[in-house]
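Can you keep this structure in mind? I'll have questions shortly.
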């Protein structure tokens, strides 16, 4: 892969919450790339550090976190950027979708206002009228019917799936080059999940944006992404093209995870597990 | 394996009053469970599947008599559960137990494991066979936990371990039916697999029945004997597991099955071949 | 002055802070660990010591007065200057070896004795009122929160009704209408009567959220009675809230008692009380500042100590709670 | 756009509460208090004179009749006594003080400006100081400024207002002589002295509340900053100023605005002590004086006024809350 094909290049990324007991690292020396227009899946169980990785890329780590290593986005070293310059990347060129769409939207403002404010703060000389049209258009693109009316509704007036569509519309309005989705469908019902995943695929096809999908669900990444990173306890266990990870996993942990996933259309037998938890 | 009927629910209806608020507010009624009938045979697992708001959890609570039915009948082991009260209801409580979704929320954070696990017996005013210590130790071992941890508090366990404590508590009174309400959905996938295996093993050993409430069809397929699909408070389709999964009749069931994300079977097949080859290589060395 | 809904709101809001970031895998706070953390906190220790001292003083009042030589009701005309309208003789309000804290202007009663006996009254009333309030608040809060529905509506309406009153004015109105006998007992009753809803509201809220936890359903499914669920399952989870709220209630009641006595509807003279001493010092504050500074300082430090102590306990329990 | 039914509900609830307050207050004074006729009559009293006074006051009637007359007086006014000695008490009649020979309503109205000045000044002070202190504390969470403010708030919450009042007066007036002895000066006569007069009452009345508001603001802001939507706002690349103003402050300060309404309405209790200590001739001092003089109609009038203010305050807060929180204002349609 040549440089120009790589949208995001992460090297030796380490995130820690240093305290008196030590560096307390939750992400350890992570290396991965996202190709331009590619879709990377980061898979791991709880506590694997997958969410911290996404926040580290966004520069949104909580207070007290320490980030080292290199994050190169489209040739720019993000870790070296001053906060002001980072802000112009954040939201505009890299956008993020979170797990719980209800708490991720501010209950005090209409969804239209919340879609518009990003647009207006990144684009100078935009009138309210124009921004509103952008918001309506973005909502139409995520298939929210009657967008011109619903743009003035508040988040609590939408259902869970619709809220997540609003979140996606928010990122869409900026035409980002990279979308980071952190467990975007975990809080949703399975039929709604399928719709949202379809929507993400549709948008990627339309805009050519790269995607980092963070999830605990191997079946989801297998459907959506072309490259996979498996994480455990902050370590990178294994990475490679999706097909290779699913057909020929090298690491015992990856194999264990794949064995543990209940299949809906495979043979039924005792789910194969390693006895780490059993008897602890 | 399916023998005589253990539980038979007929035309269950549950309506909730939706308060209009205040002195002048008008209150409405919301039908959460609408004419649901189901049967669970001894030793089998009936899975009740549905999305959020489908009424599956309410149905579970109706059957456990945690809430009262608006109308309909529940017959358990020859008794009319919906009409039970007082002593008889108390006795019914030791034959039906529940395992809940959130392992931490379902264990009292201020009680030790020993107290949690023996609580059903204490509430039933039944003696603890062999004394609390021995009894707890034995139960913990059966669910794959260290018997020496009886004096710890729930917060000192991982999610999977806490769920095992919840299962141990359900086993304490040797129930005939265990209602598992999303019992594995909050767990990580590797832990989930272990708990599913544990639930199956315990059923093999004890012969009790499960009413398994879940939204995850893949999980349901691993554990259910029969499946009932709920939507909007009604059961839209029910039948043997393989029939429902293999040849779904109702539109909703089809939609639900189609929506489940899946790992390509050809990838799984390729992986099995690769692993076989790897094992052969290793043996050759 | 003491009963503001906001004040308790803060405690409620901040009390919830602890549970914000999920369930940590740490073991629940053990008593010994808490005690050690507490002893490391110098401010908390100082406050604790001061409170203990006041309690000791209150308990040993007759003994202390015997040592100092003057009773709380004894007039000492030799200690005041009748030519100057009864201003105490000597510097700083007549302080000296004879009268340790000086004397009251006018009639020369010993301030030390009155402070010591005043502590008795203040602590007795504040602690009794706290106990009664806690009992009422916990019981009604639990009942309203657990049973909900009609029971909750009735209790909640009563609480709203009581809280809708400007408590101080109402207490004054009630107390001014009541006869002067048994004033201390009446004070406790009246303070508790208006005080319990503030605790009950918080207990109710927590009970309502605890009731939704699955362990309550588990107990119910095992055949536990309502009483067993309330007292065995829910109450233990309220322990830290109750401890914190109680500690924070005491200074409120110390202040309320003093305030009511200051306004002349509290403890009836000649029984000494700090608030009443401060009230009677008003005409003298320019010429004999020690007369109000001494009870004022004792009162302020007592309220401060309890407040700081409550604040620290809340923080400790909050951090240690799972 | 507040739903009409909601308003109707609140108003109805308010009327019920006010009625109960009236009844409750009336019962206390009817059942518990000693016979006012005996006091009014004074020494050299004959049983006939007492009966006459009782008849004039209407307290020879049974309880419900008295209560009815009282309620009627509130809405339509009433007349005490008969013939040439009759005294008219116009609506809203809260009773008649025989100690000062004045209608309680008039006494309250006369003293309202002073009390209102004290209350409004103190409210402005505590709101500004509380919110500013809380914001500063939240921004500097865990740092020296935060701990320093925490210490100040604990002190402010603990100091009884009469102790503070006397201490301030002793320090600023007697010892340092920075402020004159308080005198009643109208604002139009000498604005500066007017300000000097009210400065200490404002501070004394405001300090405890300011401490409470500081803590409340701090807790709310810190909690709001943890919200997921604040993270979303930052992820959108908004400037820190915008994130703060729009996404942190509004949700954090909304509850403070609403609670402020209730606390302001409940100020009368605090004013009682402050006005007494500083000798300000307001409603609070009037109430305190009437306690000493056992002037029941006045105490009762002030009690009812206070309850009325609190109930109104509650309702305003409810309506206000409905207006600023869209979750309450616009029902869910999904």
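Chains here go by letter, A, B, C and D, matching the order in which they are written, and residues are numbered from 1 within each.
Rule of thumb we're sticking to: a residue touches a chain if its C-beta (ideal position, glycine included) is under 8 Å from a C-beta of that chain, and two chains touch if they have at least 3 such contacts.
These numbers come from a predicted model, not from an experiment.
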Please report the smallest number of touch steps linking chain A to chain C.
2
Sort the other chains by how far their Cα centres are from that of chain B and give me the top one.
D
Roughly how far is chain B from chain D, centre to centre by C-alpha average, rounded to an integer in Å?
56
How many angstrom lie between the CA centroids of chain C and chain D, rounded to a whole number?
23
Chain A and chain D, separation of their C-alpha mean positions in angstrom
52
Please report how many Å separate the Cα centroid of chain B from that of chain C, as a whole number.
49
Could you tell me which residues belong to chain D and also touch two or more other chains?
none
Could you list the positions in chain A whose residues touch two or more of the other chains?
none
Chain A partner, complex, touching residues on chain B are 51-52, 144-146, 158-161, 188-194, 196-197, 200, 215-219, 221-222, 245, 255-265, 267-268, 270-271, 274-275
How about chain C: which of its residues touch chain D in the complex?
1, 3-7, 9-10, 13-14, 17, 20, 160-161, 164-170, 172-174, 176-179, 251, 255, 258-259, 262-265, 275, 278-279, 281-282, 285-286, 289, 292-293, 296, 299-300, 303-304, 307-308, 311
Quick check on the complex: what are the chain D residues that touch chain C?
17, 20-21, 25, 28-29, 32-34, 154-155, 157-163, 166-167, 169-170, 174, 208-209, 212-213, 215-216, 219-220, 222-223, 226, 259, 262-263, 266, 268-270, 272-273, 276-277, 287-288, 291-292, 294, 296, 299-300, 302-303, 306-307, 309-311, 314
Which positions of chain B touch chain C when the two form their complex?
61, 64, 66, 89-90, 93-94, 96-98, 100-102, 104-111, 116, 119-120, 123-124, 152-156, 158, 166, 169, 173
Residues of chain A touching chain B in their complex?
45-46, 189-191, 193-194, 197, 216-220, 222-223, 243, 246-249, 255-266, 268, 270-274, 276-280
